[in-house]
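Read from first to last, the chains carry the letters A, B, C and D; within each, the first residue is number 1.
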């Protein structure tokens, strides 16, 4: 993700001029503001603005619970309590706005999270750049044999080379044709809103994406998960690092209760209780289906 | 709305310590931060945090429209263009968080706007204060004879006095009983979550309310409208004054295209065109219903 | 909840005339249509319309996953898989519309769930009925000593009688004054939108509430929970019975994975694994806070 | 859009078996159920389920406004009143579920409407079909010279032929390569979630899309508008025809007040009033910008 000199100069300028504010300030987040974190081969994510910090979460909770919150003495303890008991509204009191550059097929997954605000670069108005995502060799995987939506072992040798060649050549050719259809040199030139249909899903787009912390955590729980597609997980992981610096208490609670947490079914609770009582429970007498048992055993042995 | 000395001291402290930030800063909004604007007899509204300014709107639009926005040269012109053409997403890029103290019957109208984040003081956890909205004499109106959801002329003399006495006495008595049911002095004391049911809808509650600018404008269009109930309109008007200082270009466009704008039906367009062509159009040959015609005539004469 | 003869006649008529449809039909839900299920002393809940059934969930999933779903052979198995893996969108493909009559303080909790459609009886337009919620003696509880938002032991004897008298008398008096303020007999009569402010939060209101199945499950998980206030739980329980008849597979999966399920933190997983390995874990070496440990022990012993 | 014999048989079967229901039934909508309306070259839209009818809208309004609605005597009059005064919640009481097959670049515009439920065919799980949108010659337009996001005159002759050839050839080649990368014949075969990135934006996808009538009208107002891109407008127009049959009163009101309606700014109102009073208003003394005046004149002459 090489920034142009103009882009870097713009970022430098934005970072050069702090101004006084009476608002809550997160020192950890100020360090990130405007800086471009590279993701994938040409992608980036950067914080454009934010609202609130850990204290804003507890402040909102204390409005809700009034004198009732006095019993939890520290901000950290209160934040953990809120997360544990699914009190989501105080986390909605923080907001963040990202600038993201990402391949279209990642954007299509991402946009399924509806509780966010988005301004995407419009290929009806403007011309897309010649930038395409080509996987690094270590992410070029075969279809998983056991998981219909997962990846298996790495492609190697000639097969890997052939795939990379196809992806690169098709991207370049489609972009050449995009340009030649748009061209007004000696011809009328196809409308941009039509020409864009020729570009494959690994072309890069960009958008501003604004979301509150509760809904961001929901996004991260699903997209930083090991079952998420690698390409969107790369963005989620970059965001996790940023959020940790922004709201350290909230992020630590999220990490413990959500990312590192486990949802047990009623049947799962029962099996664990029987095991704790010394019983040997098998798939047959667990009451679980084959699939559930496999997942359960995967975690609990 | 008399602030306690503790509350005033807290506000003074919050306003005393500006800190440097790299984020967009709205000077007009910094002046409002934390200050309590009185509304009704005991209510208030104050800005607790905000994100973005006029430039944040055009910045987001320029991401969307890329080189396409170059033709609109100024921020003001672009903002007017966006508002005129219902391009709402750039306005969603600004966010504001208010602390509001308001009567419960106002809160019940307000909460119908779903696209916002709310943390309300909880009467399950905590005890409500003895504060009730009692209308000022100039807002104590009779039922409108023509509008089923509106107010007509002012109540006067004995009737007005009787109403105010009833409202005041019932409020005080209900609060006395609320306290006596809660009391653990010589008795167990009723649960707070039950005792609160005795309090009338003019009791004050408070909340943090966070919303993006597009949805705030939608709220203000409906609630700053002359048909809105006076009590919620008082809050909407106070917010209009704040938003004008926060994002002057956006507010001016909102004022022209939404607050001061008019929605014409297809039939209305046709009638106006016939009039402009010199024809005299009557209710009978307008194609409108009695109600539509009355409203149309009210505006166009 | 005594229905008026007119209301009962209307329900009987609605149930008397089945019409042919090509849509998915849930026999279990047809039995409930329009019937009023009593809740609390004057409340009710009834199904006014619905869309979809268990098969509609799997049908939507099969659009999403295409040939990928063939490996899960049965509808029931697929629904359990979707619920276990938080695939929420197929559950959004079912929709239900309820007519609910409920006290205002319950309505205020309920409305916090924003992803639903609501039409509430408007006390600006119309006059509310003289109906108030008065708790049955077995639900008249003291404030909990350990839980700031919970109930403790029952009130008894004189204290209980006194509370019930206060609630009843204040309700009746406030309604008498509501009527007398509204009256246009020898006076102008106060506007309805103002007079309503004198009514306490146990007055009954009513609304149409429409929601998709995913969001309904979210509501039920929180409101059918033992920590929810009894009065809203009574409605949630009534809805659970209805949903069980409507979409039996989905409801069974919800019951196992959500209602009967447990969320473990990363720390909780670790403690259980240590226990399963034979170790005795104490609060001190669990890494949990006092509050977390108390809740953890409450479940796992 | 040639349906396969299997698809046609499935539709025939679904339409062959009416079942009794006690719910509201819209005869106009029953005629559409399951039938595939062709859109573009390979796309389709069909109604899979619906909830409510015109009467459901007024029924909900009458819950809200209680006895207040008696003054509007007919369903049609009440529906027009609701639409005129932006009372949106009664329209939310109707719901519809569509099955749509559409090109990806259309899907990307469509999904920006967030208040709907979606289940899209997943190219992580399953393999996309070899179907691509190729514009008909009468929709193959040049970039507009005046509107940055619009189309101008038709391409003709060689230029048109060249564009169609490029679109067709690139689509076929990218699909050939998609298949060859996926193939497990003599090689491991690339993961589906990666291979899909080679497909251009005119490939067809499909989804179930469920939305309430209020939000559908909002969608249609924007997408059936003459400024919308032709390809999404084709779907919007097909939906308009369906909705007209489903809820004829609501659709007629929508057509008059929204589709055929006009939003005037405060300045626009003033100019029209001056004109009605006989004054000749020019761009210079209108107070409008160049762009506003051009649009204003375009409508009012």
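Operating definition for what follows: a contact is a pair of C-beta atoms (placed from the backbone, for glycine too) under 8 Å apart; a residue touches a chain by one contact, two chains touch by 3 or more.
On a predicted model such as this, the values are computed, not experimentally measured, just so you know.
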item: Self-contact between copies chain C and chain D, residue sets same or different by half; value: same
item: Which of A-C and A-B has more C-beta contact pairs; value: A-B
item: Rounded Å distance between chain B and chain C, as computed from the means of their C-alpha atoms; value: 29
item: Centroid spacing, where centroids are CA-atom means, of chain A and chain B in whole angstrom; value: 34
item: Chain A and chain C: spacing of chain centres that average the CA atoms, whole Å; value: 33
item: Junction residues of chain D, two or more chains touched; value: 65, 68, 118, 122, 125, 148-149
item: Contact footprint of chain A on chain B as seen in their complex; value: 14-15, 17-25, 30, 33-34, 49-52, 56, 59-61, 63-69, 89-90, 92-93, 95, 97, 99, 117-122, 125-127, 206-208, 210, 212
item: Residues of chain D defined as touching chain A within the complex; value: 103-105, 108, 111-112, 114-115, 118, 122, 124-125, 133, 135, 140-144, 148-153, 155, 159, 163, 166-167, 170, 173-174, 177, 180-182, 184, 187-194, 196-202, 229
item: Chain A partner contacts - residues on chain C that touch it in the complex; value: 65, 68, 71-72, 77, 80-81, 84, 86, 148-149, 222, 255-257, 259-269, 272-273, 275-276, 289, 291-292, 295, 299-301
